[in-house]
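All chains are identified by letter, namely A, B and C, in their written order; residue positions are counted from 1 within each chain.
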């Protein structure tokens, strides 16, 4: 799949060269943390219940921002046609975009999480958290990449993308928040495993489904 | 016949204005009968529930409507798959109409759930598993209808709708599972009495009849709605071929 | 480099066969039961007023659009079922350059080369850059090039995989003078063999110059179909206006 790597290289180079997106996403995630601090007045007694949710709101809101831009490079100058003219599987285009989106969202999370632990003096960066973040990001991006391609052509695209992504991704949010809460508070390992399994199942099912269905989004 | 006279309309060509096909009349009749029966059974025949009182009778409508919502969205799912496979516009019409009816029923499920919960728990809403999953389902299919109306090209709207119809329904079991697990971790007031252990036979009968009544309602609404859409599509094709 | 499911060009009757092709966009019919057959190695110019269906026809043959109804066969392969196989042998230049503005000229060509499975994409890119006369700007971002220069790079992009069939949608718009002269050289493949070329244009003189056959579309149908030697520019212009 050298074509997937060619596509991925192109997306990574474009982003790192222009840096339009990453900086904005990262800053936005920090601003979300800031707003939540005021909204919930996060003192110690509230913290354990609320904090994991705050973290994932920051991740997903910043994520949606990034997903909305993921096909923008192709929209200018009609470059999507360029990809569609190539004798490659449509799914390869999806896969490359998905990996790129996971990487970008991952970078933002890597910035946001340490700041979170510092701001609220809560939470930790452990292997558990990394696995949960990765699985959650993959699930969210799998759905988001598909719908981002779809909304690029729609009126009111900025509104439609979150409306499409968030309801479908509810299981990801629930599972990620619950698993994160258990990881932070050192709760029952069995429960945590259950949520991680749900995330993995979601990723697998929708990764495959979206990969297969992507060609119907881009054909005309 | 002289060439200058206007062609006369033959008797057989005139369509009687109020002719309804047999199947629609059968449906209407069955619908009337089953709804009357289910109203009687729900309000008079079924015993009053011990704990909740008469308010519990909403159950005989709330549960079948939830069932119908899932049926509607399953039809959307099927219609979407067949449409993407065959590109036959009829299947897209089935999907879209079923989605509209499904959103209607889902809204009613949420409203009846709310009306049920209020006298019992004192709140207009409770985040129990069923209501929560129904709310998410409602959101997904309302977005489906928005997606269809925001697409300027109908063929594209049909295609995008089909994609959401498939992904949305595939999500349903996973949403259920995640919400139920969430609820077992953080329990909250439960809104309904599941069939389970102690439902007396009279209640079961009332429930089943109500289920039949609502299923007939779905079939009736679908027929009406699909006919309207098909007429609309025919008109459009006529307009195009003249252009 | 014959098409994969065709043993040699001579064994299929034509490069492109279009039968009863119709394409609708909402209520508007861009192509209306169009019939057209294009033999191998022919250069055909397609003209018509704006909205006559030229770009739509090209995009359908290029596999970017699906027909609403009708049959399209390219090199013996049916569209849309075998669109994937067809793409390897088509080159397309549309209204937009399809280039990534923040990549350099060379990076764009190498990228497209890799996508199209070109064996040595970097070598191929440099060779093409020389041919279009833009080697000096190879390491500049596309964003900094003039429209004419970008169009030349786009032309290079369209033949990076040396396709047998070339589809050019108004290639002369935006091309600077030097580029317009280059166009002729692109109408032959790497070995100097003629490609099958479909080009659309508004310029009647250039069409008659470059092509062996001219077709005029009117409201999605063929209004005129003639070898260029047998027709005058005035007749073509009249057909474009919908007269005669």
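In the analysis below, a contact is a pair of C-beta atoms (placed from the backbone, for glycine too) under 8 Å apart; a residue touches a chain by one contact, two chains touch by 3 or more.
This is a predicted model, so every value here is computed, not measured.
J.: So using the touch definition from the top, which pair is joined by more C-beta contacts, A-B or B-C?
T.: Per the contact counts, A-B leads.
J.: What is the chain whose Cα centre is as far as it gets from that of chain C?
T.: B
J.: Round to the nearest whole Å and give the separation of the Cα centres of chain A and chain C.
T.: 39
J.: In whole angstrom, how far does the Cα centroid of chain A sit from the Cα centroid of chain B?
T.: Result: the chain centres lie 33 Å from each other.
J.: How far is the middle of chain B from the middle of chain C, if each middle is the mean of its Cα atoms, in Å?
T.: 49
J.: Can you list the residues of chain B that touch 2 or more other chains?
T.: If we look for residues of chain B contacting two or more partner chains, we find 152.
J.: Would you please write down the residue numbers of chain A that are in contact with two or more other chains?
T.: Residues 219-220 of chain A each touch two or more of the other chains.
J.: Quick one: in the complex, what on chain A touches chain C?
T.: Of all residues in chain A, those touching chain C are 2-3, 6-7, 9-10, 13-14, 17-18, 73, 76-79, 81-89, 219-220.
J.: Going by the contact rule at the top, pick out the chain B residues touching chain C in the complex.
T.: Chain B reaches chain C through residues 152-155, 236, 239-240, 243.
J.: Help me check something: in the complex, which residues belonging to chain C touch chain B?
T.: Result: residues 24-27, 29 of chain C touch chain B.
J.: Give every residue of chain A touching chain B within the complex, in rising order.
T.: Residues 143, 146, 150, 153-156, 160, 163-164, 166-168, 170-171, 174-175, 178, 191, 194-195, 198, 201-202, 205-206, 209-210, 213, 216-217, 219-220.
J.: What residues of chain B sit close enough to touch chain A in their complex?
T.: By the definition above, chain B touches chain A via 84, 136, 139-140, 143, 146-147, 150-152, 156, 159-160, 162-164, 166-168, 170-171, 174-175, 177-179, 181-182, 185.
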